[in-house]
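A single structure is presented below for examination.
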Amino acid sequence: MQPAVEFRNISKHFGHVKANTDVNFTIAKGSIHGLVGENGAGKSTLMSILYGYYRADGGDLLLDGQVQQIRNSQEAIRLGIGMVHQHFMLVENMTVLDNVMLGTEGGFQLARHRSTTEAKLREICQRYRLDVDPLATISDLSVGAQQRVEILKQIYRSANILILDEPTAVLTAQETASLFEILRLFKEQGKTIVLITHKLQEILDITDTVTVMRGGRVVGAVATAGTSKEELANMMVGRPIENNLPRAPYKPGAPMLEVSGLQLQDAQQVKLLTDIGFTLRAGEIVAIAGVSGNGQSELMEILSGMRLPTSGQLRFEGKDLPFAKRSDADGLPLEFRELGIAHIPEDRLRDGVVKSFSVMHNTILGYQDKLKNRWGLFDFKAIAARCAELMKTFDVRPANGDLRIGLLSGGNQQKVVIAREVLAQPKLMLVGQPTRGVDIGTIESIHKQLLALRDSGVAILLVSVELEEVRALADRILVMCGGRITGELKIEEFDTTRIGLLMGGMHKS
Amino acid sequence: MTFDDFHFASILVSTVRNAPVLIFAAMAGLFAERSGVIDIGLEGKILASAFTSAAVAFATQNPWYGVAAGVLVSVALATLQGYVSITQKGNQLVAGIAINIAMSGLTFVVAQFFFQQGGRTPDLGQARLFDVVLPGSAAVEGIPFIGWLYGHLIGGHSVLVYLAFGLVPLVHWVLYHSRFGLRLRACGENPHAADAAGVSVERQRYMAMLVAGVLCSFSGAYLAIVQSGFFLRDMSAGAGYLALTAMVFGNWRPVYTFLGCLMFGFFGAVQIQIEGVDLPGIGRIPGSLIQMVPYVVTVIVLAGLMAKSVAPKALGTPFVKSR
Amino acid sequence: ADPKMGIVYDAGGKFDKSFNQSAFEGATRFQKETNIKFIEVQASSDTQAEQVLRGLARKNLDLIASIGFAQTQAVQKVAKEFPKVRFVLIDGVAQGANVNSVTFKEEEGSYLVGVAAAMASKSKKLGFIGGIDIPLIRTFACGYTQGAKAVSPKVEVTQNMVGTTSSAWNDPAKGGELARSQFDRGVDVVFAVAGGSGMGTLQTAKEKGKLAIGVDSNQNHLYPGTMLTSMVKRVDNAVYDSFMQMKAGTWKAGVTAKGLKEGGVDWALDAHNRKLITPEIEKRVLGARKDIIDGKIKVIDYRVGNSCPV
Amino acid sequence: MNNHDLPRWASAFVLPVLNLLSALLVAALVIYLLGENPAESLGILINSAIINPEGLSYTLFYASTFIFTGLSVSIAMQAGLFNIGSEGQMYFGGLGLTLAMLAFDGSLPAWALIPVAMGGAALFGALWGFLPGYLQAKRGSHVVVTTIMFNFICASLMNFIIVKYLIPAGEQNTASRAFADSGAMPRLNTWFPILGETPLNISFLLAIGALAVYGLMVKRSAWGFKLRATGLNQHAAHYAGIRIGKMIITVMLISGALAGLGSVNSIMGSTHYLSLNFVGGAGFVGIAIALMGRQHPVGIFLSAVLFGALIQGGFDLSLEKPNIPTETFIFIQGLIILFCGAMENFYAPAIGALLKRGKA
């Protein structure tokens, strides 16, 4: 049978970065094809070429055996290609309906087609069991729901070839499962699907064939049935991945952070956090598990000084955190940092880095006052040396401190942020979604760093929606739902089902 | 002071007459900016179309040729601005400011070259656009209130005034209820999303600039061939910037922007009325201080009442496919 | 040899429909009659005024006419540096043995048009539209009001200024809008002293069938039928005379204030407004004119005490 | 962003020169259409603006003011604020300067009077920048709108103050009295007589100093880092512990002070009195300069000199060629801004192709 898609010698470079070099492989019609590789391996670039977002510098692209020139997304859409991008392609201040209609309005007058589209969407939601309100505004939706909107868009457009670029990075296990249900349905309908993910288990669970990329080239293509996580990891990273990282025995020290009666209400008096209380000790990792959007982000913002709580007691090393007498949180994160609290924010692009600053400048962010000399000036030689050192230790690639950080792949951006915060030698480390969108090699190194930090006596509060990650790192687990802590477990008691129930708010009180 | 000194009727009529210059320009700016292109070049386009309209209306002795020529020139400028901002991906503020400065000079030079009157065109005389008298105005003239309402507030304006006021619901409809508007807003908020949905961002932005060019030209035409009856150097006198202000004030939404324009028109009219009048408790405010009434009011309203303004997210950033 | 003449306009430029233009006309008249050319320059800022004056002085000009009070300090300074060059300053007073300062009694001319306006008005409500609120403009307004009140103390004068920046002289839309608003309030004669903005006023008066009064040069011809008269300020004469004196060798330094008597200001009566000026009006205005010249009526100059008696 | 991988020398020198030439080409066309010889005109322009020492001196005199207003706009831009209000801030700064002069020019010697007056200018300029800054920081009022409004308000207020309080009795000129000679900025022709009788004064050196300090602060200091972080990503700035509200207010104070200092050159360097609308658009020119110079000290300097040269050269040219009104140079300014500031990469693809072919 003709393959649905064939890449022939596709190459693409951005400036001096060779994102794709002589890529050759085929995707069989009606199959689910996995695409894996380290951060920056060129997966998104390749798929963007297929979707007409970028144009290849060289090579041919064949659809159903025909060479096609896909110059822009319109042409790709016309050819029946749909893509769910790594970063959401949604207009935040519009409704789901408008987002779906965008590009497929069906006429100059929107009203004519609004109601039919809406009806169709509701029907699709029902058929595929997607929980989305067509009339909701995107900015009000959780990331999971936004992901569902992206899927909904593609179903509505009934693409024949569907590209999904890391759709599961922000989904919970249940959400992932239901997405896969949909993908299987698609496959039954004869559609071709390309799935990019860093979670090898997912590859094994759903794909038929896998292509592995590294450094812009294809380094392997195998049938899923005949491979294993280890083999894939080996191909991706070039070395085996350790599954169980070594860690020192659990010996918690003095209480570092004591939280009790913490409340948070927003301007509309909606309760975001209710009665949060827990203690975090030196040398332990406490993970907060939960579906995203259940107050974890707000909790982290408060603990890092980015937001003021409504009430509650927060003590750090036995002393109250300096919230009192504050009318706004302006400048507070700096005070927290000076106390020894470091923070790896969950939304690194928004909070963690200044995209148009160089990598080197980003390694200063938050510590600018520590690094200035007595004239208030920077010694850029020393800072560049520090940055080079840090890029080496944390294996940031490319190791060029003068590059705009926005040009680095997500995983490498994350490494820079983590390196920066670790380097500050904090007493308490707040870590939000440290490995979202990060490849397995990098995950391993990030996990190693966090464990080393724990072993050296730092208290770590980890927020993660990945139960795998929680299991790999945590000493104790708190589960949050609806702004409350719904349960606590020791790592020995780890039990996916029970945690899942707690995450859903079903707990015996 | 009595209520009679404070000619409310006259203020309202004056508001209606003052507003169109701002309404046309602000609506033009709205299209450009909702598509993601900053339009600080309104002033230059107003000036250029004011000159062209007046010059052509004079030469042909037909105001409508003047209006048409103004549209052409304004659209040409908008296209240039679009070319720089969209295709060249240049700095949009620079492009706009450059156009403002260049037009301030060029209109003078050309006017001087052709008419030798110090950058002024001759009087248009009969080639002006005159006020429309609504049918039956004379009949109701005598009736208190109704006569005024029908004959002076609603009637008795130039066609362009009706166009300006009629434009507002139209713009609202186009922006929120048409395909064009949906795509426009998407391009201004998240051009990457629009692009991924198969909308050509560049094309959409060019179209927005064209619409902006057309609308903006009416502002100039109104100034020259309705309000003044000739062109005079720099006669836009900051109207483009005020229109921009009204738009920001209205949070880039047509109806609120329109209200912003009316507000400027209204306080401009109030300011005329209270000049030299003894206000109870305050006394007579010196003329030069009265001039600042509309601006002070704007600041107070902005600072006191408005929520944070939310510009289109992609405003000012050329669309480049990269991270 | 012929004397070398120069003329320096201020920021308004030689086509300002106001005193710069008038100066230009005077110089042109001189050139036509004598065939002696003159150099003309516009100084857009006070710094430039000094630069220009110095530049012209270095070219060994014999007489430089500086138009507008903004050049006062520059004239004073450069005149000191170049004692051989002579300067005429229009509208301002500068010290110096080689400077002739010419000012105008705008209040006297304005008084006359005030009289005419008050007589012509049916509503007894008069309007005044100035460019910017500065003493010179207030002087016009004050003289106008004095004249109007002399006809009848009951006459009311509504005053409006166009703006506060230099665009106030180039905003005919606002000039027209101010007129409309005054007409709405019952005004039926309006006096516009606002450069290019005033053009909007005159035009609106035409449109609304109300009377308007022009300023500086005779603007009666612009809208015959609604132009009641113009308050002419003979800057052209001042420049012309000065140039002529230079040619004849009778030029003298000093300060001259030109009023009705000296032919510096006047009202304009010509074929264009003949029909509007009734014999009564004409009689009354001419009477007032004579009284002022004879010193029987003293029109108060706003600038002297920075206040207006009426 | 989109430099087409040109070598540094090409993007830093060849492109700007080509752009400038393009602007001049259009200008030449206009001059030709006006009936004059473009080459000759350009010769006069360059001679009287750059080559002739007195002309150059005037060029630099105008540039001194523009550097200050350009810096004023630039520094606010670094924090992501578009300050359109430099015009009003400079105007108000002139008032501060004048009040200091009126109070002290009879009593203080020059070495004390000049700094005090400069302090007055900076203080009043800062005050006029403070209010929009405060409203932006605390109330979220868009600084573009408020600064436009404050320009208008300033014009009215100054009109009122000058006419009501500052015009000496019986004077016609809408200006304050002239200040004592001790309040004059020392002129550079004292040391360099070749400059002739021109107002170029030590403000020029101060402007250069301000550029250097600006460059140092923005690029090398921790404060500048915070400033730019605030401008580029407020979320990240907040995360980094930068006090955004304070930063906005501070930068608007500095921006206003810089604009206020622009009045020192105009008033103490040249006219020695405060007159109505003395700013004459220098604040708006500052916007063009900041944008064209890309907020870089060298860029600001070059653009300021270019604008100064156009004013000076254009003025002289219009003297010699009555067919070319001075307004022509306003048009040419616009063209230059367009070509050099907004179409900076117009020739990049062509140059890139040329270079590639040369290599192959």
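Which chain is which? They are A, B, C and D, in the order written, and residues in each are numbered from 1.
What we mean here is this: a contact is a pair of C-beta atoms (placed from the backbone, for glycine too) under 8 Å apart; a residue touches a chain by one contact, two chains touch by 3 or more.
Chain labels with UniProt names: A = Simple sugar transport system ATP-binding protein; B, D = Simple sugar transport system permease protein.
Note that this is a predicted model, so its numbers are computed, not measured.
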| item | value |
| --- | --- |
| Pair joined by more contacting C-beta pairs (B-D or A-D) | B-D |
| Chain at maximum distance from chain B, centres defined as averaged CA atoms | A |
| Approximate Å spacing (C-alpha centroids) for the pair chain B, chain D | 29 |
| Chain A-chain B separation of Cα centroids, rounded to whole Å | 46 |
| Chain C-chain D separation of Cα centroids, rounded to whole Å | 35 |
| Residues of chain A touching at least two other chains | 355 |
| Numbers and ranges of chain B residues touching at least 2 other chains | 112, 119, 233, 238, 286, 288, 291-292 |
| Touching two or more other chains - residues of chain D | 152, 155-156, 159-160, 163 |
| Complete list of chain pairs which touch one another | A-B, A-D, B-C, B-D, C-D |
| Interfacial residue positions of chain B with respect to chain D in the complex | 44, 84-85, 88-95, 97-106, 108-109, 112-113, 119, 233, 238, 241-242, 244-245, 248-249, 286, 288-292, 294-296, 298-299, 302-304, 306-309, 320 |
| Chain A residues within the chain D interface of the complex | 15, 304-306, 328-337, 343, 345, 350-357, 361, 364-366, 368-369, 371-372, 375-378, 380 |
| Residue ranges of chain D touching chain B (in the complex, touch as defined) | 1-2, 30, 33-34, 82, 84, 135, 139-142, 144-146, 148-150, 152-153, 155-157, 159-160, 163-164, 287-288, 291-292, 325, 327-335, 337-338, 341-346 |
| Touching residues (chain side chain C, partner chain D) in the complex | 11, 40-42, 44-48, 50-51, 54-55, 69-70, 72-73, 81, 91-93, 103, 132-136, 163-166, 303-304, 306 |
| Partner chain B, residues of chain A touching it in the complex | 14, 51, 53-54, 72-74, 76-77, 83, 85, 87-94, 98-99, 101-105, 107-111, 153, 355, 406-407 |
